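A, B, C, D, E and F are the chain letters, set down in written order, and residue numbers restart from 1 in every chain.
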Amino acid sequence: MKLITFGEVMLRLSPTGVDRLTQSSTLTMHFGGTEANVAVSMAQFGVPVAHVSRFPNHAIGQAAAGYLRRYGVDTQSVRFGDGRMGLYFLETGAGTRASQIIYDRVDSAFSRIKPDEIDWESILAGTPESPVSWFHWTGITPALSQGAADCLLAGIQTANRLGIPVSGDIVYRSNLWQYGRSPKEIMPALTEGCTLVLGSKSLFSELYGVVGSTFQEAGRALMQRFPNIRYVTDTKRNSVSASHNQLSAKLFDGETVYKSRLYDIQPIVDRIGTGDAYMAGLIYGLLTFNDPQRAVEFGAAASALKHTIAGDVNLATVAEVETLERGDGSGRLKR
Amino acid sequence: MKLITFGEVMLRLSPTGVDRLTQSSTLTMHFGGTEANVAVSMAQFGVPVAHVSRFPNHAIGQAAAGYLRRYGVDTQSVRFGDGRMGLYFLETGAGTRASQIIYDRVDSAFSRIKPDEIDWESILAGTPESPVSWFHWTGITPALSQGAADCLLAGIQTANRLGIPVSGDIVYRSNLWQYGRSPKEIMPALTEGCTLVLGSKSLFSELYGVVGSTFQEAGRALMQRFPNIRYVTDTKRNSVSASHNQLSAKLFDGETVYKSRLYDIQPIVDRIGTGDAYMAGLIYGLLTFNDPQRAVEFGAAASALKHTIAGDVNLATVAEVETLERGDGSGRLKR
Amino acid sequence: MKLITFGEVMLRLSPTGVDRLTQSSTLTMHFGGTEANVAVSMAQFGVPVAHVSRFPNHAIGQAAAGYLRRYGVDTQSVRFGDGRMGLYFLETGAGTRASQIIYDRVDSAFSRIKPDEIDWESILAGTPESPVSWFHWTGITPALSQGAADCLLAGIQTANRLGIPVSGDIVYRSNLWQYGRSPKEIMPALTEGCTLVLGSKSLFSELYGVVGSTFQEAGRALMQRFPNIRYVTDTKRNSVSASHNQLSAKLFDGETVYKSRLYDIQPIVDRIGTGDAYMAGLIYGLLTFNDPQRAVEFGAAASALKHTIAGDVNLATVAEVETLERGDGSGRLKR
Amino acid sequence: MKLITFGEVMLRLSPTGVDRLTQSSTLTMHFGGTEANVAVSMAQFGVPVAHVSRFPNHAIGQAAAGYLRRYGVDTQSVRFGDGRMGLYFLETGAGTRASQIIYDRVDSAFSRIKPDEIDWESILAGTPESPVSWFHWTGITPALSQGAADCLLAGIQTANRLGIPVSGDIVYRSNLWQYGRSPKEIMPALTEGCTLVLGSKSLFSELYGVVGSTFQEAGRALMQRFPNIRYVTDTKRNSVSASHNQLSAKLFDGETVYKSRLYDIQPIVDRIGTGDAYMAGLIYGLLTFNDPQRAVEFGAAASALKHTIAGDVNLATVAEVETLERGDGSGRLKR
Amino acid sequence: MKLITFGEVMLRLSPTGVDRLTQSSTLTMHFGGTEANVAVSMAQFGVPVAHVSRFPNHAIGQAAAGYLRRYGVDTQSVRFGDGRMGLYFLETGAGTRASQIIYDRVDSAFSRIKPDEIDWESILAGTPESPVSWFHWTGITPALSQGAADCLLAGIQTANRLGIPVSGDIVYRSNLWQYGRSPKEIMPALTEGCTLVLGSKSLFSELYGVVGSTFQEAGRALMQRFPNIRYVTDTKRNSVSASHNQLSAKLFDGETVYKSRLYDIQPIVDRIGTGDAYMAGLIYGLLTFNDPQRAVEFGAAASALKHTIAGDVNLATVAEVETLERGDGSGRLKR
Amino acid sequence: MKLITFGEVMLRLSPTGVDRLTQSSTLTMHFGGTEANVAVSMAQFGVPVAHVSRFPNHAIGQAAAGYLRRYGVDTQSVRFGDGRMGLYFLETGAGTRASQIIYDRVDSAFSRIKPDEIDWESILAGTPESPVSWFHWTGITPALSQGAADCLLAGIQTANRLGIPVSGDIVYRSNLWQYGRSPKEIMPALTEGCTLVLGSKSLFSELYGVVGSTFQEAGRALMQRFPNIRYVTDTKRNSVSASHNQLSAKLFDGETVYKSRLYDIQPIVDRIGTGDAYMAGLIYGLLTFNDPQRAVEFGAAASALKHTIAGDVNLATVAEVETLERGDGSGRLKR
């Protein structure tokens, strides 16, 4: 079993605790990116993972690679080249004060990627001992540059050719997509190769013109449009305050909508990457349990746990996720 | 529009997080003082502000001035001279354990202030582009020394003469007032010049012998005693625990009592200066909106937000306060 | 009045805040041990205390002694010798993520203790001005080594001979007891000398074969088996999450079961040592108030407060405990 | 007396102490830019200073302005607009390991500046109480964009028209100058307006084709080419190791070369901004002392002191510089 | 063997590393006072020590006592009462930048001490197992208040009556002595009871009118004036920079001047308390070795080592001092 | 090219800066071990490396693996099992105060290793793209346990059989070797398989009874005893103080002694692992340059640079080492 992910990794800079950026004199470094977050999360579950990306050829790029390796991600398919490190400033909120992100990712080394820099055949072939069993991408990548979109498409098509399941988180950020193409032009070809899609019914409508009055109906319509898709999934978050959220997930397999239990999450240590933690948990669940209900429960529990962990990436183990999935959220001290 | 505030600024020293003073080996520095807190808060709202004070003529005094300037306060009317920096140690509590303050402010540089050190005419005149539109003081200042009380009275009278509205937070701390005068002797003359008074009906009774069975009645009586007063205001706090409070505010304009919504505040990052944040929000509201209800709501929302910000001063912007004032306390991540 | 405690002290190493061990690059040092925690707690109540132990003869052993002294514990009866410092890694959880402890205490300097290293006669005699009034031990000590068990038995017997009340927290950790003896062989002789026992009815059954369908019945049976026992006590914890617990205590004097109020504890700063804080509060209560109900209330309030204090030891004062015991958990700022 | 400076300010991010970027998990924030560094330094000397720049319109831009204000710089002429915060990563070396800078400043808010955003007439007019007495720029600014170069030229020409002396540090960084113009095209017109130029004879040759076999000869040739120039200056650094440098300065007034004493600097706390500290010291000296020798000595002493201060900016006072300038580098404790 | 010291303890607050106070946002806490520093130093040598003082009756006073206890000082003779904690801000210099102290010690709890608060008879009697063998004071104490001077005189006289040797460091700080008496009035009676005096010949002249052209002559004259004195001692420091000093000491016994070797000290971690470290080393040497030469060498080596230790107090052990005293300053790693 | 190393990895815990262990409240985590240090160093040179070891099966073991991976070491051949994490406390000295290590490594997971846990055939075979080109061990490993010694012997013999060069650092620590065998029994068989030996002539005599009056003679005698050895090497350190060392190296190839230049190292940031940095540099040099003189120079420069880097491992790149090797130790800022 092996997971391949592809996407940008950014340096995250955040003040200590819940200090504001304007009052801070030190910043904590993390690295993250929605696809790499899935990779790290999966690595904690004991699954071999490799992340494909392009980093700047200097100490910060090396630090990013070191960060991924530290948490078990193979970085041999990361290319190093010109361009800067994309970064973002995160101010963590509390109570009624929202967390805020200032992105500074324009013209990153990743956005300068060219399709011929990545040898998808070789990467997705894996090794005899460790064949590739899943490929994951998100809607951030094609929003960054034509090169990134092209490179991603090549990856998805290679995965399809090799029979590797593909998941796509079709997240849409309107302030990206600055390179002259619109998501409506780009996203359908990418989605076509997907086995599993994470997205809301409003996104299905916005990106593909696919509509349905319920998640189930919209999902079914999406599956008709893109027949490769076997699963459609989404999470639902109720934000009581920056320190208190409620979260659940659902998974539709074309027949049944499987719903996870609802998690009441308080306090929130770090909300970033909790969607990616869900995705990693769900993929792990689908690959491991022959049971969609358990898969969605595992994903939701993984996401709930991520809220207690600082940084973009989920460092929870399978045992920890299972404890919560089975209903023990008591937080009782383990000796 | 420009605000002038006058009062002592203290160095605040607090252990990391919720550590106790007896177990700490480092202290975080902040600076604060009830009047300067109002100034900083207003500066975040984009209003020009200047603070008038007297600091010790050494590096800690310079650091205090630098702290105010960093957050947008003009410090050109701060005098530097002999005397020490008043300071206080703050141990932040949690849950059932209360926060505790140890004051160490006796004989500060501020308390040695003499009326002739401050040229109120010039300060309150402002400049043609930026005329002074409000003057704020509190009951801490006249409690510190005869010089401070005299200097304050001169300021209020100058403001009155120049037609500048004056607000007074008539807070009474019985362990101050060590220089031989009682608040009953000193406070009335200061209050006489006020347009807006922050205080409770028990304080009205204690300081001025003005009584009323409700806030409205007591407020009306106060306005009869001091005819300059147009507004009386107060906040109400229900302390569930050191980490959980409930807060609301009310404003009386002689006719109507305007009540803010009630904020359920959890967790509390820093409770210090939340009353000053209310005052700043209220003054901003009165100066900006022609609507007492909106002014008290803006003040209460500003105060609620302050509970999420470390230090004595409120670093929330108008946009942030308005988001909360309009009912969105969801703390949803802003990208 | 003077308290003597006996047991191992460990170096506790924990990441900043709620970081995971795998992501941490610094560790905060505390020292603690269930018996020494009782000593420190009692010292904050103004009671003279001495801890008897054996530390490694190097800088970490010196640091441990310095830690105890800092918080008021006399360390003149600590022996320094060969062997290592027992230590444990603590990862503090939050919400649904449990705190986790990794023990690394095998072959500690304490476990190598020999009975002839401790002169119990002299230690328990105290001084004319400060006679010893209580001796406390726990079930951790006899679980560590034959030498520790022998040394403890000598201490209890000496205390009995000198008429000093003895309390035992009969905690049982199955992963200790590696030296070839079982708790059933060792614990009865130690328990025989006790005046006060902290334990659950399931433990009474497991360790002594003493049964009862309720705490009261089991306690009565225990008192029949060990006639020295005058009090049996236990705490009850409901773990809602790692950040939210509910806690109460009960005390049985052979006739009446005295129950404390229930504390709703949120947030939890540090859960470690909260049982020891209860024990210290209870002993203080029994020695000070001629009122079992007040003693158990004082103990429960002390334990509740400990949850707000970082480290193994309770740094709450009598005044703070009394405030809470009397029902004021409002956490209102004290100036 | 008042100084105006114009240029980019960057966020500087550096690991704790001398840690490498690849091993760091936190970064210390400073802000700096060669021209703003001169402004801050001068502010510590008690001179009114204003910095003219363009910052991004978000929290990091606000933090930059707060940083300058904290150290006494007027930021009212800073514009806020689109574009990112230029930043750089600094890894501080030690001994044989060099400090390293990774610049990430492309497309900054400053580089997007347009000449009509700055009202030089008003800024350089100053106020009656505080007329502008000096304007300072460096060769970094025209290297960033056509807009920055144009804006600078307008500033210099306005200063010339108002009779305000102008200093230019003609530093040349070949990896800047990416917008299609060469320094040979741009620099002469800027230099023409200068009273004081900081640069080496090799730079005079490279930028203006002005040659001379000694600093004196080259300086004289430069003055012939640009008749406004009254002073030419340069520093000389011998780098023994990253922790040990030797530094001196010289000033040529068309007749005499005034040389400062040689400083043996060990240890070096922070080497960044030491040239800017020299420039500030020299300008202060020229404005204050009617003595070129003292001016160059004051500048060199200021630069030497800067090596002991963390961050880009010199926080030394006039009294401290004078103590060193007069030969007391003993570092004797001051009580 | 037991040492008693008497004097004020202050809270020391210093920025991280060599940061300036004006740029700092956290302060490191230490506690120190010239006499207590001697006590702590001696405690590291294994000598029982008790410090007599008066601290404020709040958490900072408790923290001060905890600090002393941590390092082995008995604090049972510390009184707790009204008044504030004296404190000082320390900015540590480097290279050409001097360290600077801002004192803020006026009206401290110690300065309010009254002679009847200290039971010298009982304190200086010690216990049968641990009789008092030395009493140490400095010229700071009588400079603070009449009460402190009176209390000290009572202590010295009691020591004299009990035959306990007394050492006095006659340090003179002209900015103290604010209570209406001059050192010439107060110091002679205190010096009269001394066995050992630390001071320079210029101080002998200034305080007692005792003159001599060399240290030897001045020392002999001092001994004639005060016949109890058996030893006169002083240190000599050459300050190359704030990071590099040279240090030696000399001891005169009425016949011979014993000179220590000269230490070249680089780098300096913390210069504060190095004189006190010398004093402690010398007293230890005189009490332990029957050899004045070794005593002065031990003192000088102790002082040299103190320069490498952060805080006011010397944490070097006898073994470490002896290693250096015997000439091994190689700093070779000890495993 | 690929390097395999084998040995224990320990958690290193050290106070901030040069604080003493007895005054510290936080500890910085690093991981290191003499063989793994060589691996990390080589990884920075761009060489594929894998470390073979056995770690405890808990979060600290995971953290150790993460640390190695972060710096580029393949950890797939690390086994996880029972036993504890060996650790050591490091107190970093300064000037005349030596650094001190307290080891706490008894009964580590590594020491419990059994030969059948490591499949040397597979590990040393490498892969077709990346065949193994060097194997490195040290005298620490056989000193820990019979299992470790047996496992190491199997590794060396496998390497010999596969024709892989082997280096041994024959360091001897007398306080290890607690399992009943002496180094004289164990070391010869291990040394027999070596191509390169790091050790002093006194060690050659002590461990193998091989003598020579010079390094050259002793080296030649060692080569006669163990004919596989092609190179003998050693470093020479002159310890001026804990902050100032001088270092050089020599390499003997049976004919010529190649000596490196002498490095004057000041200040020393971290002395630990500097010998391992030499070894890595030398191996890299021998594998890369066909020039023993350059190899020993590269090794010595690498070791000199390591003194400026915190932690056990050398994070210098080939470019940095070459800069120093070629004589540029100026530490000039790199932009």
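Just so it is clear, a residue touches a chain if its C-beta (ideal position, glycine included) is under 8 Å from a C-beta of that chain, and two chains touch if they have at least 3 such contacts.
Remember, it's a predicted structure, so these values are computed and weren't measured experimentally.
The set of chains in contact with chain B as well as chain E comprises C, D.
Compared with chain A, the chain whose C-alpha mean position is the greatest distance off is E.
Interface repeat of A-F: among C-E, A-C or B-E, the matching pair is C-E, sharing over half of the residue-numbered contact pairs.
Centre-to-centre spacing of chain D and chain F amounts to 46 Å, using the average Cα coordinate of each chain. With centres set at the average Cα position, the gap from chain C to chain D is 62 Å.
Chain B and chain D have centres, each the mean of its CA atoms, that are 40 Å apart. Annotation for chain C: residues touching 2 or more other chains are 17, 20, 22, 25, 66, 71, 100, 267. In terms of which chains touch, the assembly is arranged in some other way, matching none of the line, ring, star or all-to-all patterns. Taken together, the chains touch in the following pairs: A-B, A-C, A-D, A-F, B-C, B-D, B-E, C-E, C-F, D-E, D-F, E-F. Those residues of chain D whose C-beta lies close enough to touch chain A in the complex are 13, 20-22, 24-29, 58-60, 62-63, 66, 84-85, 89, 91, 100, 102, 104, 106-107.
Residues 17, 71, 263, 265-269, 304-305, 307-311, 315-316, 320, 323-324, 329-335 of chain F are the ones touching chain D in the complex. Listed in rising order, the residues of chain D touching chain F in the complex are 17-20, 22-23, 93-101, 103, 173, 175, 239-244, 267, 271-272. Residues 66-67, 69-72 of chain D touch chain B in their complex.
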